[in-house]
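Below is one structure, written out as structure tokens, with a few remarks after it.
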Amino acid sequence: MQLKVEKLTHIYSEGLPFESLAMTDVSFTMEQGEFAALIGHTGSGKSTLIQHINGLLKPTSGHVYLDGVDVNEKSPEARALRRRIGLVFQYPEYQLFEETVLKDVCFGPKNLGLSEEEAEEVSREALALVGITGEKLERSPFNLSGGEKRRVAIAGVLAMDPELLILDEPTAGLDPRGHAEILDAVRRIREKKNMSIIMVSHNMDDVASLADRVLVLEDGRLIMDGSPREIFARGEELRAIGLEIPSAKDFMEKLAKMPALKEKGLEIDDGAITIDEAQEEILKLFGSKA
Amino acid sequence: MESIISVKDLRFAYEDEEGELQTVLDGVSLEIEKGSFVAMVGPNGSGKSTLAKNLNALLLPQSGKVYADGMDTSDDSLLWEIRRSVGMVFQNPDNQLVSAVVEDDIAFGPENIGVPPEEIRQRVDSALEAVGMSRFAKQAPHMLSGGQKQRIAIAGVLAMQPDVMVFDEPTAMLDPRGRGEIMAIIEQLHDAGKTVILITHFMEEAARADRIIVLKDGKIAADGTPREIYSMSEQLHGMKLELPFAVELARRLRAGGLDLPADILSEEELAEALCSLK
Amino acid sequence: MAIKDITLGQYYPAESPVHRLDPRTKIVGTVVYMVSLFCVNSFSAFALSILLLGTVIAVSKVPLRFIAKGLKPVLILIILTMLINLFLTPGELLLSLGPLKVTEEGIYRAAFMALRLVLLIFGSSMLTLTTKPIQLTDGMEALMKPFEKIGLPAHELAMMMTIALRFIPTLMDETDKIMKAQTARGADFESGNFKEKAKALVPLLVPLFVSAFRIAGDLAMAMEARCYRGGEGRTRMNPMRYSGRDGAAALILALYLAVIIFSRTLGLF
């Protein structure tokens, strides 16, 4: 599914004394299968943008098109397309309500009109994709660990078989293990399904290792749009608006600036944005002589 | 060395849903020096939070002893003095503020311990100033950002003038900006002489302490300065603990055959070490 | 309806003698005023009630428009009351519209009822608009204190109110979030008959209750950590103190009440 956001502007409380511009003239297009990370600090408009994509918020001006159809049209076609958007909110585990994990995940597919058996089948598949299997399916979702609950909640959206999955800070508040489990789940979803993914994140290391495109929002405007390498090469600009850059990139820049390297005539490529790339680059440079 | 917290062979178990006892703390003993900054790390379920709640008698030892500033936490008559002297800031900034107005919330603690009105006013003002939130005294907490709410929570504890401040994952639910604000305040408090105990998942935060205690399965698995702890990077990696970036990269590079010192702690040190390779 | 649209129970920050009155004076005053409205049975007496409230509003610096917003949710109730009184009061016939009969007494009663309701709402809004929530609960606690001897948990009730005021916005946000999340999973809260609608609420109510219990648990722990142990031995940052201003207010109120009662019993006006 192609997502096209065109000149999207949103004003909160329009006409009232406390009206505020939440989104100004945002345009971009995303093709099927792309993985975009949406970054920007709190209040930059990330939540406002993603709520427009499935029609939870209506633009003050501008349009959001899915496969060429305006999502805010009242047609059955637009309604059907909106259902192809899977939106996972922040702390999604707070939406769990059923007696068992499996029943909870079945809620979405059943709302789509699937029969009990069909719903269970797609739910089991979705749960397997996020790494929840076996006896856990019959447990109460409230008795799982934080990371597991979160994955069940993600499965609840995956089971609706969206073409575009939107994840709003999927790792917020988790411990390192829960964090790693979510990233693994996102990678598996990526491999097994040809889904487009938009991930809102504050963690630049995650963005660098997962996304193939980065959108940067600041004050409701889309100020950068490019590959992670391109975006993180603009470290100064990112820091200026209070954003971080991946630890690997930060380190490589520091290393490249060391005078001692120049004296030895060593030239290092500081473009690495993940720890794997940094490791490779450093070993290439120093390892061969060891 | 004068110790302000003293834990002796502390054991603690919870009953799970099936009614079976799950050991959370399995014989923990430690001394915390007055004025020090101690980080406690460990995976979920390692017992860090339970240990923290034992320090100010929110939980009581099932066996063993905990002394806060010389006071036995199992002595009922000392309960309020213990809680005053060992203050605690929790993870969720929303769920620990009591009042609908910021300054009234900060007054809550001093009011509970019977501080005279004029002094409460002074304490509230200076606590607000210490966390840089004086401007927000009359506001409603739900209008503030996560980091700001957490600063109010810290001010609320500060107003009770505790000697020890325990932070139970105070940055877990914050964005990077809020996280930075809170860490800066924690360091300020430590510089001002408070004993700080920080429970965290973030190794980068723990690296800023004087001492790191690693808990695993209810026992102390390691205890030392950040440098000592991170030089055990292979063991920590085995315990599924996240390592600070420079420590992790150095570990991988050593595994890749580079001859790097074992105690690299920061990016600067790693860069230096790489430059001095041959 | 967004929470900011609700003015009932809202505080309007301003510097005025009314704001500075002791909350106990204002609570008692409001109760007395409300009772007085039920004693009033003539237009001249109503004029006096309006005069009193009008003066208080003018002194308080709260804009009339702001207070009037509080009428919105009960407007239908007021109109309905007026219509019922207008058409169903027996008496001297003035006008007849089919089965509906308008009598002179009906017009009087309809006007009285409407005035009474409007003044009731304005009067009670003035209390909350000029008194901070914490002062309000402090005041109620102090007024209920004498009844502690017969087992009324005055402090606990006041603390419950404080916490409720603090967490209403939090729970509203929570409700909004859960609703959006379930809508994204295809939940439908709008269509269907009563039974279907009630069933559709389960995915909203269960997480909401779970959240509320989680908040309650966290909050209880945080309060204990901050040495909360009930009302005993507590001090207050801003202790309540009666001042000359409160004496003056009490005097005016007593005078007003006396005139109203005399006018009713002696038929002065």
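Should a chain be cited, it is by its letter among A, B and C, assigned in written order, with residues numbered from 1 in that chain.
We take it that a residue touches a chain if its C-beta (ideal position, glycine included) is under 8 Å from a C-beta of that chain, and two chains touch if they have at least 3 such contacts.
Remember, predicted model here, so these are calculated numbers, not experimental data.
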Result of counting contacting C-beta pairs for A-B and A-C, higher pair: A-B
Label of the chain whose CA centroid is most distant from the centroid of chain A: C
Distance from chain C to chain A - Cα centre to Cα centre, in angstrom: 45
Gap in Å, rounded to a whole number, between the CA centres of chain B and chain A: 30
Residues of chain B engaged with two or more neighbouring chains: none
Residues on chain C engaged by chain A in the complex (per definition of touch): 174, 177-178, 180-188, 202-203, 206-207, 210-211
Footprint of chain B on chain C - complex, ascending: 13, 132-134, 162-163, 165-166, 169-170, 173, 214-215, 218-219, 221-229, 233-239
Partner chain A, residues of chain B touching it in the complex: 17, 43-44, 145-146, 172-173, 175-178, 201, 240-242, 245-246, 248-249, 252-253, 256-259, 267-268, 270-272, 274-278
Complex interface listing, chain B residues touching chain C: 53, 56, 58, 80, 83-84, 87-88, 90, 92, 94-101, 103-104, 107-117, 120-121, 124, 138, 140-142, 153, 156-157, 160
Residue ranges of chain A touching chain C (in the complex, touch as defined): 51, 54, 56, 83, 85-87, 89, 92, 94-97, 107-108, 111-112, 142, 156-157, 160
